[in-house]
Amino acid sequence: MEKIKLTLAIVLVSISSVFAQLPDPGFTIDENTAIVITDPQNDFLSPNGVTWGVVGKSVTENNTVDNIETLFKIAQQKGIKVFVSPHYYYKHDHSWKIEGALEALMHKIGMFDRKGALTTEGFEGSGADWLDKYKKYINDDNVIVTNPHKVYGPESNDLALQLRKHGFSKVILAGMSANLCTESHMRDLVESGFDVSVVKDATAAAILPDINGYEAALVNFRMIASHVFTTEEVVKELKK
Amino acid sequence: MEKIKLTLAIVLVSISSVFAQLPDPGFTIDENTAIVITDPQNDFLSPNGVTWGVVGKSVTENNTVDNIETLFKIAQQKGIKVFVSPHYYYKHDHSWKIEGALEALMHKIGMFDRKGALTTEGFEGSGADWLDKYKKYINDDNVIVTNPHKVYGPESNDLALQLRKHGFSKVILAGMSANLCTESHMRDLVESGFDVSVVKDATAAAILPDINGYEAALVNFRMIASHVFTTEEVVKELKK
Amino acid sequence: MEKIKLTLAIVLVSISSVFAQLPDPGFTIDENTAIVITDPQNDFLSPNGVTWGVVGKSVTENNTVDNIETLFKIAQQKGIKVFVSPHYYYKHDHSWKIEGALEALMHKIGMFDRKGALTTEGFEGSGADWLDKYKKYINDDNVIVTNPHKVYGPESNDLALQLRKHGFSKVILAGMSANLCTESHMRDLVESGFDVSVVKDATAAAILPDINGYEAALVNFRMIASHVFTTEEVVKELKK
Amino acid sequence: MEKIKLTLAIVLVSISSVFAQLPDPGFTIDENTAIVITDPQNDFLSPNGVTWGVVGKSVTENNTVDNIETLFKIAQQKGIKVFVSPHYYYKHDHSWKIEGALEALMHKIGMFDRKGALTTEGFEGSGADWLDKYKKYINDDNVIVTNPHKVYGPESNDLALQLRKHGFSKVILAGMSANLCTESHMRDLVESGFDVSVVKDATAAAILPDINGYEAALVNFRMIASHVFTTEEVVKELKK
């Protein structure tokens, strides 16, 4: 009995240390790899956006705006495909009968609002529009803009389909915000069988007195993704 | 110009305070509400399970084992449907070519392993089996066991379908582990249009030196779900 | 042995006759019921559309254009929600590396082409635009236009989510074309747990020398849906 | 005006002839190609199965049982991965509140019934079991049995995930029954971005007085898949 207990203790210690040394499967960039950017839009990244009051500090600390631009820029230079998954809300989305906490808030503050899918009235420069400095990249031929996602993840848009139809099975993920849309994209792309890495400083999140969205995201990126890069690291790999 | 800055400042303050008072949409339990339990299995909840070394502290602190039992018990008493979404791995899952960090670890430590889907050899009492004290509940007629999920979320099993086919649109979610399977279930059920609440002490997670899975889950439960209950609160509501 | 054979024969006959009397589960319209219309666009329904040469005969025989209008009209009168799932292709869809037969054809003939998701240039009156006579209905408040589907089914758009978020669990389905987008919508909505009926003469399909898409659709509507209506029948029910 | 009409007529004729010559994108078998077999179970393929009275004629005419065996056999010889997507119903599936026509029938006649997911009691030789002659192939290491699908398609099981996790993006599809599970698998795999071909005589379907499921399937295989093979043709390709 003593022996069994001892063995068990050793097993537990060894598992605990296995866990402490959480494996890092790694991520090799190859011709089947695309970049995915979630929500590179004013409402998250511009000081005029409706969430700047809560995400601004994290965006500034991480240097998120420049880091996302760095990814767009090297992709343009190298001809790497970038898939942008935007977030738009229309009038009919405001009549949803079922809403979680942040969904209720997003609708309340008019986040990502557009007049309609078949009109561009009022879109230019709005919170739903791209950050101005990203437009020259997003309008280029290496960038594919998918249908908008409607909650946080890509379950209801064509991101996974577009990636597959273009031959991609590996994804380098970045964008806003870290623990909501970016993380839900990471999780659902993993469930769809993609090999997913995340760029941890080309994202940011809401930080509130009791809620640190960015710290939460870092935990889950580390546990779920194949690898977590910094922008500097991924650029170095992409330049090879 | 000064005026604009001032207005902007007021707007930002007001948004920040809106955020600080993150809305709580609430969750009313009715006849369309079911309970969903993820992974009530030995490998998470038994001291003999392969992850006890890292989740045991959180399971103990939250009183998770008893709290999940409390949910099973009241559901049995009241005839409330419970959907259990288990986690099993077979031999062929060990030959996956694409694995994130925790997936690699789970396969390495033989977590949730079964000999096959069409054999029960070696299952009884294994890490993949139900916690012994839950069996009398799970074997009852009010409990529906779905196909196993294969990564963390229900994207690849029949949980959403079973809920819909049985007429449920609202979910009270609990089980293991908080920031992985439970949270991925929360996120994907929300993307499928379910109204989802979470029971925050009928779950637990791995806590490691630099990684607190439970804290991460609390952040995302609060931001994404319609409401976060304690076991005591939800039981009070269910008794009404 | 003779007895067993005889019993078996009786069983088989009885199963065959059960099948011959394929059950009709029926479909009761209630407050959880919405109408879904696929592809009410020029390329299918206008004599100027790119597929008229092959679908025109079926559209004309079924009186499809008027029957779809009848559904839009009564929905407008009664305030019934209609979800329109359109079909658009952008420049990037023409670089797909994987295409089935009809996908290859649709891209070849420029079907449903739009200049981009964020521009309306050239859209008005194009093959991708709504049939002109439907615009006064589609622009009304009871109609919700979802993201475009990208192959045939709603797997990659927000139709199921919008239905659920608005509280609908039952669908009356019509639109174009019967055995492709309409049928793929029927199949995937059933897989998502919706109760689905189809209006068999508010749809039509390509009829070619060796391929009768409409006949194929009728077989599968009958076997898969909960009920198959004619426009006249469904209008009678909706008027109640 | 006359000129426009003439041009239009020419355009229509040319489109019609494009359609008549429906493109055949073709399907090249390579190392990313797997075979998928739906429902190779007694209830469809054995004279004792509950549907033999309606599918037996089609199964016999197509030589379906032998053709599916041919696929299993060559896959075993060549080490090609085969994914089997089975169809099982448990007690709880019989309490679904929403059922289409065939779903209602399947439950009525006890098709694919099993006592439970965690018991094999009564399974051996039942309608839900594999056709006896396939067991020696299915039990081999090159065959992966997924979770059961629950309606017709793979939306609620792990087929797509298993294919992706094992590195496959191309599928050769066969099994039962042609216009229901096989076709729903074809459609949803296409929506998930797989390149799908179908083996038209390694499948069969219910043929009733007014309903020819097999003819319907042939129409949709031809229009939706990348290529339609005969067993002989695909074996020739696989032997290369």
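Remarks
For reference, chains read A, B, C and D in written order, and residue numbers begin at 1 within each chain.
To be clear about the criterion, contacts are C-beta pairs under 8 Å (C-beta built on N, C-alpha and C of every residue); 3 or more make two chains touch, one makes a residue touch a chain.
Note that the structure is predicted; figures quoted are calculated from it, not measured.
Interface comparison, B-C versus B-D: the higher number of contacting C-beta pairs is recorded for B-D. Legend: contact pairs of A-C compared by residue number with B-D, A-D or C-D; the interface matching in over half of them is B-D.
Between chain B and chain C the centroid-to-centroid distance comes to 36 Å (mean Cα coordinates, whole Å).
Taking each chain's centre as the average of its CA atoms, chain A and chain B sit 22 Å apart. Between the CA-based centres of chain B and chain D the separation comes to 34 Å, rounded to the whole angstrom. Looking at chain D, residues 98, 151, 155-156, 160-161, 164-165, 169, 191-194 sit in touch with two or more other chains. Of all residues in chain C, those touching chain D in their complex are 8, 12-13, 15-16, 18-20, 22-25, 48, 50-54, 98-102, 104-105, 108-109, 151-153, 155-156, 169, 179-180, 183-184, 187-188, 190-196, 206, 208-209, 211-213, 215-217, 219-220, 222-226. Taken in their complex, chain B has these residues touching chain D: 92-93, 95-98, 116-120, 123, 144-145, 147-148, 150-151, 155-158, 160-162, 164-167. Chain contact summary for the complex, chain C toward chain B: residues 160-161, 163-165, 169, 191-194.
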